[in-house]
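Both complexes below contain chain A, partnered by chain B and then by chain C.
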Partner chain A sequence: MTTLLVGPFNRVEGDLEIRLEVEDGQVAAAYANSPLFRGFERMMVGKGPLDALTITPRICGICSISQSMAAAAALADLAGVQPAPEGAKVAALLHMIENVSDHMAHFNLFFMPDYARAGYASADWHGQVLDRFTAGQGSALRRAIEARADLLHVVGMLGGKWPHTLAIQPGGVTRTPTARDLIRIGATLQAFRRYLEAETFGGKLEDFAALDSIESLEAWSGGDAALFLRVAVATGTGAMGKGSGRYMSFGAYPLPDGRVFDAGTWDNGTETSVDFEAIQEDISHAWLLGDAAHPTRGETIPDEMMREEAYSWCKAPRLAGRTFETGALARQIIVGHPLARALAAEGGVRARVVGRLLELALTQIEMERLLRSIRPEERFMDQVPLPSDGTGVGVVEAARGALGHWISVEDGAINNYQIIAPTTWNFSPRDTAGTAGPVEAALVGAPVSEGEDTPLSVQHIVRSFDPCMVCTVH
Partner chain B sequence: MNILWLQSAGCGGCTMSLLCAEDPNVLDLLEGAGLNLLWHPSLSEATGAEVRRMLDAILAGEQPLDILCVEGSILRGPNGTGRYHMLAGTGRPMMEWVRDLAGIASHVVAVGTCAAYGGMSSAGENLTDAVGLQYDGGHAGGVFPATWRSNSGLPVVNVAGCPTHPDWVTETLMMIKAGALNENALDGLARPRFYADTLVHHACTKNEFYEYKASAEHLCEMGCMMEHLGCVGTQAVGDCNIRGWNGANSCTRAGYPCINCTAPEFEEPGHGFTETPKFAGIPVGLPTDMPKAWFMALASLSKAATPKRLAENAVSDRVTVPPTLRKPKP
Partner chain C sequence: MSQIETFYDVMRRQGITRRSFMKYCSLTAAALGLSPSFVPKIAHAMETKPRTPVIWVHGLECTCCSESFIRAAHPLAKDVVLSMISLDYDDTLMAAAGHAAEAALEETIEKYKGNYILAVEGNPPLNEDGMFCITGGKPFVEKLRHAAKDAKAIISWGACASYGCVQAAKPNPTQATPVHKVITDKPIIKVPGCPPIAEVMTGVITYMLTFDRLPELDRQGRPAMFYSQRIHDKCYRRPHFDAGQFVETWDDEHARKGYCLYKMGCKGPTTYNACSTIRWNEGVSFPIQSGHGCIGCSEDGFWDQGSFYDRVTDLTQFGIEANADKVGLTAAGVVGAGVAAHAAISALKAAQKKTQDKEEA
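Entry: the complex of A and B
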């Protein structure tokens, strides 16, 4: 058996190190280490609860609005109110824009460039990938960066800037859009649709969103989506990195009439609701002190000695003692999208990437629908007085999956704040029972060629999860 | 010139902001300026052992390094070891890597307020002992002492902002490439003066409200946010309202206050971010360079002279009283 240390692991958000035990040409065991400790939960103790709206977005530069949304939702829950309905719509639109931006950045900038590597140079598709997806160079990357910057004008207009807006509040949003603003946003969304249809899908979004089986998916022939599908099969990488078949979503985009994508869990064919009380964060293999706890009772005390048996700053969240995978694929499986359901059992690299592509198409359609429903003559923000004592929970879906904030306030100040980010679920270390986290389990069996020190298969699998390590180690 | 970009303890938001550069996009811009990314955590192909070999080559002097960009604060904890952030795969704290590489690079650029001064990463009790490259909050001397100079002779260039504006980064890099960034081009906190010589207040769309002290009482109202809502745009450096963000926008244009994110210690204002501390009903913080007595006198005069349009719109979430139209000449 040989041990490989993979890091620095780039084209993931934040710092990641993976330790691999390799035996007989494949990964026998993997250990995911988040080598950075940040301590955001501790920063907030003693501060006024509204300060969470300024501080928590800065946990993450790529899912900043998700953190805003969770914090605002936790404060609204603390106050026992719902945001003004039109404000909720604008907040959801901002959140959709961020999630879509993240999905397309992942596909174009982070994930696809691995297929442009010299190791694939003999493949007949390599020239096309080289042209489109060479890291930092390819034509698809340049176009994606421009389309993304244009799309984020919507966040500029409604939220001032991206990342780190303070526009999203428990009572709604700080900027009341005019009828003209909404028309302008519509134009930006149409330009983004044109980009997606011309470059990513090579076809109508509605047609991609209507795919309902693996056969229909494999027959898709347009755009970079088809290029990926071809390469995933040709390299065999699409089938790698199979997960446990357990998926979880906290439900995305709360609107006055419910969430656009519902919450739930899926365990190899069995659907149930999320039992939030059954969440525990295990810290047996994290450099943290204390006991496994529900986030309402969780603590964040770093182990300065960085004890031997631990190997990460990431806690290990478990739902009723079990690991769950979270993200776009999970969301769409739980919503019941037929293609996502068809991919649930496959559950590897291709399934995760297609989950995101599917959401790109679906979310664009939802954004257009949501925009049409916004009524500029209404109020967009209610004033929300916060109680000086109490608790609140805010759960949302970031691009990478389930995100929760749990706040406790005493005498007008935060006395505990706990966050579980999506990648905390997906990249958790082992728990007390020794059960590996989702990415650790998915890496087992990944092929490693003779002499490879940074195995390509491992890179494809890890990046298929689209990890956000800065959120993980908040 | 080549650039090595490292992400230390931060949120990665300054890179995300950089990707929002427009006209041209960031890849075209850097290429056009003759700036080549030796390695960037979000953009480069190389991972793992390939990166370690490149870092070793720089340390060994085999690979020249022109510009070292560091994003995120440097964690010195626990107990001065820096082990709260080990650079993945290397078994060494980021603090040590930055020390070694900065000694080799011609120029060192701190991208964002965390790298410049510690920023949000150092908020609260600063459990991780986070610090900026050459500043500890507002005090000169961070990982590097106040007198430290890179091989170019410049101190660490602090492209502060949370996040920092994409153009602030790209223009700083292009100025370095063009040899146009000397010590006179930096302000007293080592920020490029091309954006630090202006205030966020300049070109703020709420300026007419400010002139008449017509104040918003709640977020989402149109009035000036200085009196009640914690806005320090009259004290904060930045050309946010001149240049605009993500299109032509800014924090104040979106209806929330400037929190002075380009400044050291913005993360600990000593009060809520959206509250204005007051003494006897008067805001404690005055506009930069404004004598207190004159400010008080002008404020009371202008408040008495506030037109009805501004008084009403200030506490409304939209324009309820439009400007009066001049009657045509008879």
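Entry: the complex of A and C
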């Protein structure tokens, strides 16, 4: 048995290091280390509750709206109110745009460039991938950066700036869009649709969204999506990194008539609702002090001795004692999308990437619908007086999956603030029972060729989760 | 140090036309506040000078600076600058992985010794020997010191590298420390903001690459061309401030009319940045235009100044204005030479005090 240390990982958000135990040409065990700790939960204590709206989004520069949405939802829950309905729509639109931006950045900038590596030089598809996806140079990358910047104009317009938008509040949003804004946003969304249909899908979004089986997926012939599907099968990487078959979503985009994508869990064919009370964060293998606890009672006290048996700053969240994978694939399985359900059992690299592609198409369609329903003459923000004592929970779906903020306020100041980010779930270390976190488990069995010190299979599997390491530990 | 290609070579290789190149030069001149006569100078420099290599490293941060950077308004700016950077070393966007990436860093340092610009995003946590941010098995602070040793100059991107930002908020659990407190023997240019505006970032880096020197800095070490005026000075809602027309509550009639956000806690009157002129996301808007006050994210200590929704006090409505340099001087004078190193921290308060004093005088 040999031990390999893989990292630091480039082209992931933040820092990540993975220790692999390799036996007989494959990974026998994996240990995910999140080496970056900033202590956001600790600095929230003693601050005014509204500070959460400004400080928590700064956990992350690529999913700051998700953090902002969760903080605003937690404060609204603390006050026992719902945001103004039109405000909720604008907030949801802002959030959709960020999630779509993250999905397309992942596919084009982070994930696909791995197939441009020299290790694949002899493959007949390699030239095409080189042309499209060479890191920093490929034609797809450049188009993606441009299209993404254009799409984010909408956030600029409605939110003032991105990253770190300030507009989302517990009572709604600060910006009332005018009829003129709505037309301009509509034009931006149409331009984005054209980009997706020309480059990513090479076909109508509705047609991709209507795929309902693995056979129909494999027959898809347009755009970079088809290139990926071909490469995933040709290299065998699509089937790698199979998960546990357990998926969880907190439900995305709360609107006055319910969430656009429902909350729930899926356990190898069995659907249930999320029992939020059954969440516990285990810290047996994290450099943190204290006991496993529900986030309402959780603490974040760094273990300055960095004890031997621990290996990460990341806590290990568990739902009823078990690991759950979260992200676009999980969301669409729980919503009941036929293609996502068909991929649930496969559950590897291809399934996760297709989950995101599917959401790119579905979310674009939802954004167009949502925009048409916004009424500029209505209220976009209600006044929300906060109680000086109480608790609140805000749960949302970031691009990478389930995100929750738990706030507790005493005498007008925060006395506890706990955050569980999607990558905290997916990249959690082992728990007290020794159960590996989702990515650690998914890496077991990954092939490692003789002499490979940065195994390609590991790169593909890790990136298929689209880790956001700065959110993970915060 | 054999032959490094010129900027123009890099652009040509990317298939950029002459016409587009000249447009880029004039836009850059405009963004930097230079007269049109500088356009041929910029063009000449870019055609003849070897490009300056850039190494971009990340410490405790959230990558918002990189995110801002890759959305600069003129596609050429980010293409060119980004391609130059990715030719060298950037751990978020580069192609190499793991040890190969670390080797690429060493190679770049070696190859361009004494001649590269080190761009730092985020900052080092110093607590517990830097264990809160470990990259490549070593504390980030070591990587920073190592990369800084042979750098020609350092750019501190954003509030993190410049001042500490939110991760340095009380009680600053990791002792997150701005770059200039760790590296003391190199010229450092601070480009604060959370994140900084994309065009400010490309403007600063293009200036340095083109003219091979630092732009003029104010006393806090910020490029004067972007940080010499307050948000308030050029705010499109300023007439409402002067007329005493304020938003009183969220989404009230005044909010819809675009009145001043001062009473909603806007920090525009004490914040030096270019948001109200250059604006955000390719110039479409900025926080005040979206109905939310400025939080002062380009000022030192903005994260620990009480609520973001408390109004700025001690502000005189028709006071005599001071520029950033005068404010810096005042700060040093007020707090005394003994703590001159910390002058920056007091600048904001001193600015308020100064205008008040003048009013009383």
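Keep this in mind: the second predicted complex is superposed on the first by the 474 of 474 C-alpha atoms of A that agree within 3 Å, B and C clash if a C-alpha of one lies under 4 Å from a C-alpha of the other, contacts with A are read in each partner's own complex, and residues count from 1 in each chain.
In this section, a contact is a pair of C-beta atoms (placed from the backbone, for glycine too) under 8 Å apart; a residue touches a chain by one contact, two chains touch by 3 or more.
Remember, it's a predicted structure, so these values are computed and weren't measured experimentally.
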* Specify the outcome, clash or fit, for chain B and chain C once both structures are aligned onto chain A. => clash
* To do: Give one of first, second, both or neither to describe whether A:Q128 is in contact with chain B, with chain C, with both, or with none.
  => neither
* **Partner chain(s) touched by A:A167 [first = chain B, second = chain C, both, neither]** => both
* Asked: Can A:S64 be said to touch chain B (first), chain C (second), both, or neither?
  -> both
* Could you look at A:L152 and tell me whether it touches chain B, chain C, both or neither (first, second, both, neither)? => both
* Partner chain(s) touched by A:F380 [first = chain B, second = chain C, both, neither] -> both
* To do: Please indicate which partner A:T296 is in contact with in the superposed arrangement: first for chain B, second for chain C, both, or neither.
  => neither
* **Common ground on chain A, meaning residues reached by chain C in one complex and by chain B in the other** => 5-11, 13-15, 17, 35-39, 42-43, 46-48, 50-51, 53-55, 58-62, 64, 109, 113, 116, 134-137, 142, 145-146, 148-149, 152-153, 155-167, 169, 172-176, 302, 304, 306, 313, 379-381, 383, 453-454, 459, 470
* Which positions of chain B touch chain A when the two form their complex? -> 7, 9-17, 19-22, 25-28, 37, 39-52, 75, 77-79, 83-90, 120-121, 123-125, 127-128, 162-163, 218-220, 240, 244-257, 259, 261, 267, 272-274, 317-318
* To do: Sort out for me which residues of chain C touch chain A in the complex.
  => 58, 60-68, 70-71, 75, 78-79, 82-83, 86-87, 91-102, 125, 128, 131-137, 165-167, 169-174, 176, 194-195, 249-251, 255-256, 275, 279-282, 284-292, 295, 297, 303, 306-309
* Which of the residues in chain A end up touching chain C in this complex? -> 5-11, 13-15, 17, 35-40, 42-43, 46-48, 50-51, 53-55, 58-62, 64, 84, 87, 109, 113, 116, 134-137, 142, 145-146, 148-149, 152-153, 155-167, 169, 171-176, 302, 304, 306, 313, 379-383, 453-454, 459, 470
* Structure fact -> Residue set of chain A touching chain B in the complex reads 5-11, 13-17, 33, 35-39, 42-48, 50-51, 53-55, 58-62, 64, 105, 109-110, 113-114, 116-117, 134-137, 141-142, 145-146, 148-150, 152-153, 155-167, 169, 172-176, 178, 302, 304, 306, 313, 379-381, 383, 453-454, 459, 470
